[in-house]
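This is the structure, below, for whatever I ask next.
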């Protein structure tokens, strides 16, 4: 008796496995719903919270200008807590909210599970801080895009700059074992390989520091002893600031080049201007260097609302993601996912974001992200380095 | 059926006891409730207000319930302080990811495989550290968790994909049915949980589950009652790791990509909270804990940056207002039914009688088998009269000689007493005989076998049981459960038998409870069988401890100051009991300070001072020995 | 060789931070048998308190009392603030949970830790903050041929003085004996006329307060502070505590310094990425060899 | 004889269980009173209630007319009550000397110094072995030595009232004799009033002036020690028959 019932029960439940449906999209009145998936809590909370502010500003600007398709837009925030598990739930939440498209998310390994879910649910998502190659290169997604650049582009830019422009022979690369920093570091190493093979330079140091720590004196002493010509650090600005200062204290004098996660006003604060001055950063153009009308408006309103422009470049890409989505909706004249995705792939004429025109490649990467070398000036500003 | 009933009873839905009329409901309560629970689970994803999001939340509740259940074995059942459980979860996930993406082994095949590898890993890393106590084990588990995570990040042999992790993991495929939607994953996961819960409940109510609890309550007493503490601790880690490995497999196949960010110390501490929030050792509690830990932050997701603030607060409040957890496991008052043992006689007298030992068992065995224990062959010339002999036993602690070249002879069927000043080394000698200490030199022979340096749980299965100077019971277990630790060392059923309820296992369980019942009755504590041991008055605790030792069916019973804390009258009652035990066929060895007892019942007395024997003989000779008077007895003033 | 000595000094500096935090862990554990997982977050809070004082007065204290004076005042401020926070924490999060046992206390401590961490984030924001350069003394000089900063020297001096002072109080004074007695047996301590509440108050004030001072020194030395920095330091300090033998005051000091040295030397000579793996590996090996830590008592359990 | 310690109608609960159900006990100046009884009768609870490490439900405990309920527990040592707990409870990882010093911790009138050293010498004269062991960790002492240390630690505060809980528990006969000798000595020479809880009824009644017998939380019998020794009920229940002869 008991066995039969168990078997029956299991069969019943198993049968249910076949019956699963999926949700469908919303109505055509009221504001167009868009979700922002961002790390509001957790390790990258500061980036997520600034992304939220940036998107708020962009939303206000767009709505003031009449919205899109005659409707306003509204953005809901879902927090992914900077971790992959929460990201999957957050993505599913965004899907269940039946939004038109999603902005998000920040880190690559956090974005990845979300990307899969959005892709499966045929929902357009636009990442703004996830730079790992494989999100697009491996997966060739149909509904995923990103407004930020890719690790390899930055790595290549660095390699070229270091060897060809600076003529560095002994190159040190350091990262912090985070998805992002290690990604850029790996790509930089790859990009240097041809030069190494040609005997033009060598990589004399390749190691990681632990993020969240404060004392890197051991690492920089080791680094100093390798006598590098240039030192590339691809991690985040907090550690970058500490590293530069501790390196200078330890007597390491070679030029420092930071990756685009290091560029942040706090880098200068932490390192101290005496040390930060002259440090270089590989970076997409900053919002302050883009002179379009949108950029102007964005900066003004952001300053008005939050006191200062975002201290990091990534939140601006979140705003760009919103501009991209809205532009695609406009060009497609539809809020259907497929139409938006098609527009994003093929028809982005006239779509401008805070950092300029936005176009995507067939696999969803942003076209033409021009990297520039930034330099910290003596008065604590980032300007494009003039060779 | 028994177990379902017991669970229901615990949550207050059990069969009515007494003479209430039997209705359809009361008769089939267990099945009906199981069916209702099943129906609710089955219906959940199809409820109108349940979106895929909530189904996914339920899926993650499932993953965390599995992890909670797996940690509950280690932390809840055995009481091992494990704050690095995520390591096993990570191993399961990475094994799945690596083997699926490189060798394209199907996920469903990897489900048992990742469990197996996680279990093997757990065995390897925990066996050198399993002896560590409390907080020291805790930091080691944290260390293991961190080592695993950092290794994944550092990408050794290009296997783990570094901080990016691994992507492109496939979904499970059940005989042609591909699982990929949220609803399918929901059912897939919860059916697995159902199967595992079934197994875990069976384990909890077997000698294995009880052995874990004995260790949690008092590891030394457990070892002295015949539980192989080390192996059972390892078994807990291995089983826990296996289940966590499965959870890793499920997680990886749902997420399709994994990275080290999912396996941080914070995850481990969340699992810890799940077990504690639910209630230590409680299976439904662990599931409930998972519900809280997963759903709570979801409900507060819109509060964004404040949600973890609330979560932290909630954890503290929970511990303040429900310190035992939300659904603690109740042991007392559920009666013998609560033990989940089948095939017991209907009334108490029959049960007690069933446990009456075969007198042949209590005779010192010249044969090679005693109650299922295969004894090693006789290695020393066997003296029918001498049960135990120590030859020149010496123990040195650093420079201090605690026991010096001591010869002790214990005659079969007699009461031998060891007396001597405090600190003379008597208890140390006992600890050597029972295997807690290993002698520096000398030999201990028992039943014609050299038992020097064997583990306590081995020695006890040969037939030497003991009690402790300071009573050591399993305080939060019932009296009958306490005594059921006695026959443990003679039982043979393993994990699989316990889960499957094999015929031999059922018979063994019945024998265990019957033996315990008989001994409990013998020391007059039958009416206390369902009380927690800690609630017994001191004197009764002494008797309970003696009953526990007797339940191991020993040939030699070693009692360390049994009359300590008893007044003269109570000591006399004790003497009566001890003498009756000798009549039953046991041999007794005592340490005692109460001369009334020593002189009253001993057949032979040995006197120890500063680790050495200063006298031995018949009680009255020893009592009048000048050296003994000087060193130990003194002269009465009055 | 010069590099070796440099790494040695680096290791000592980071080790002295670990040791100060570990000391608080050990003191609280010794008396309460409680692993205060929120201890690291109190350290972070201390950093923020010092930062706020120096910023809020727009360096007023620095301007009026000089760099060192400002530093001293910030440290005193954090010391008393965190001392108070420690006592409050005991009242709110631990005292009501004592009867429930040690495991429940761990959960409460984890809850407190999450609460504090996110509380700091709610007050000071998620962005890391930096101690302004203007308030940090940064004279550099050469000591025995090694380049050191005056701040480094002062930090080492203060840390060692504090450690010695605590060691003296606990091991050599009658009150210290009272603390140790309370740790062993609370009700018998009461019979001796020891006011257990005073001891607990003292422990929960002083232990975290040491962390508060370490927090300010840490902020000054590295300048950057973030709301989640407590986790890392908490975990490292806990490791140090266990390494030395938990509940043992000199053990915590030695454990902390040793941990700093190991990290520094391994990162300096082998690999930064594998540093923590190495540290935990060594810890496990030490525990296999000495199950109660380096200075833990080797007494067998009495049965 | 003037009353030093007066306990009236003492009721103590452990959860729902009443451990003491209205107990009256008196201890006079320069007096030894024994409290006997079976396990779980409430003897230890009585002593713990006096020194306030056990909270009481009802009743009063007065030291020379001072209601002890108004005084925090840790002050009692300073008021002249010393409690030597059951099971010795020496501080195992402190040295013998540190243990002794702590005994005087609650006594403000005894600053560390000459006075303390003098009292310590007196303790050493009572228990010479402790002097040999003064630098040794208390946990490494033998059971008998620990009991001596526990008593010495109680005496070092020069108490008026000494509460002794099971001083003979688990000790060799020769040690028990020694301890009872010291009990008698401090009573006779120093005039300390002693409330003695014992299992060993024979010994306790041998040294006490007056005795109480507790049964299930109530005083069942009380009377002069000499009378109790010959009381039939006491003999049957507590002294045991003389089935054993040696």
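In order of appearance the chains are A, B, C and D, and numbering begins at 1 in each one.
We take it that contacts are C-beta pairs under 8 Å (C-beta built on N, C-alpha and C of every residue); 3 or more make two chains touch, one makes a residue touch a chain.
Since this is a predicted model, take the numbers as computed values, not measurements.
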| item | value |
| --- | --- |
| Subunit A to subunit D, fewest steps along touching chains | 2 |
| Chain pair, A-C or B-C, that carries the greater number of C-beta contacts | B-C |
| Most widely separated chain from subunit C, with each centre as the mean of CA atoms | D |
| Subunit B-subunit C separation of Cα centroids, rounded to whole Å | 37 |
| Geometric centre distance via CA averages, subunit D-subunit C, whole Å | 43 |
| Geometric centre distance via CA averages, subunit B-subunit A, whole Å | 51 |
| Touching two or more other chains - residue numbers and ranges from subunit A | 41, 45, 49, 177, 208 |
| Of all residues in subunit B, the ones touching two or more other chains | 153-154, 305, 308, 469 |
| Multi-chain contact sites of subunit C, meaning residues that touch two or more partners | 118, 121, 126, 231, 273, 276 |
| Those chain pairs that satisfy the touch definition | A-B, A-C, B-C, B-D, C-D |
| For the subunit C and subunit A complex, residues of the former touching the latter | 3, 6-7, 10-11, 13-14, 17, 118, 121, 125-130, 132-133, 140, 147, 149, 218, 221-224, 226-229, 231-232, 263-269, 271-273, 275-276 |
| Residues on subunit B engaged by subunit C in the complex (per definition of touch) | 75, 81, 128-129, 131-133, 135-136, 138-140, 142-144, 146-147, 150-151, 153-154, 220, 224, 265, 269, 272-273, 276-277, 280, 305-306, 308-309, 311-316, 318-320, 323-324, 427, 431, 436, 468-469, 472 |
| Complex contact set, residues of subunit B against subunit A | 1, 31, 35, 38, 41-42, 45-46, 51-54, 56-57, 60, 153-154, 162-165, 167-168, 174, 177, 179-184, 187-188, 191, 251, 254-259, 261-262, 264, 297-298, 301, 304-305, 307-308 |
| Sites on subunit C touched by subunit D in the complex | 174, 177-178, 180-181, 184-185, 187-196, 297, 299 |
| In the complex, subunit D residues that touch subunit C | 48, 51-53, 72-78, 82-83, 85, 89, 91-94, 98, 101-103, 105-107, 112, 139, 153, 157 |
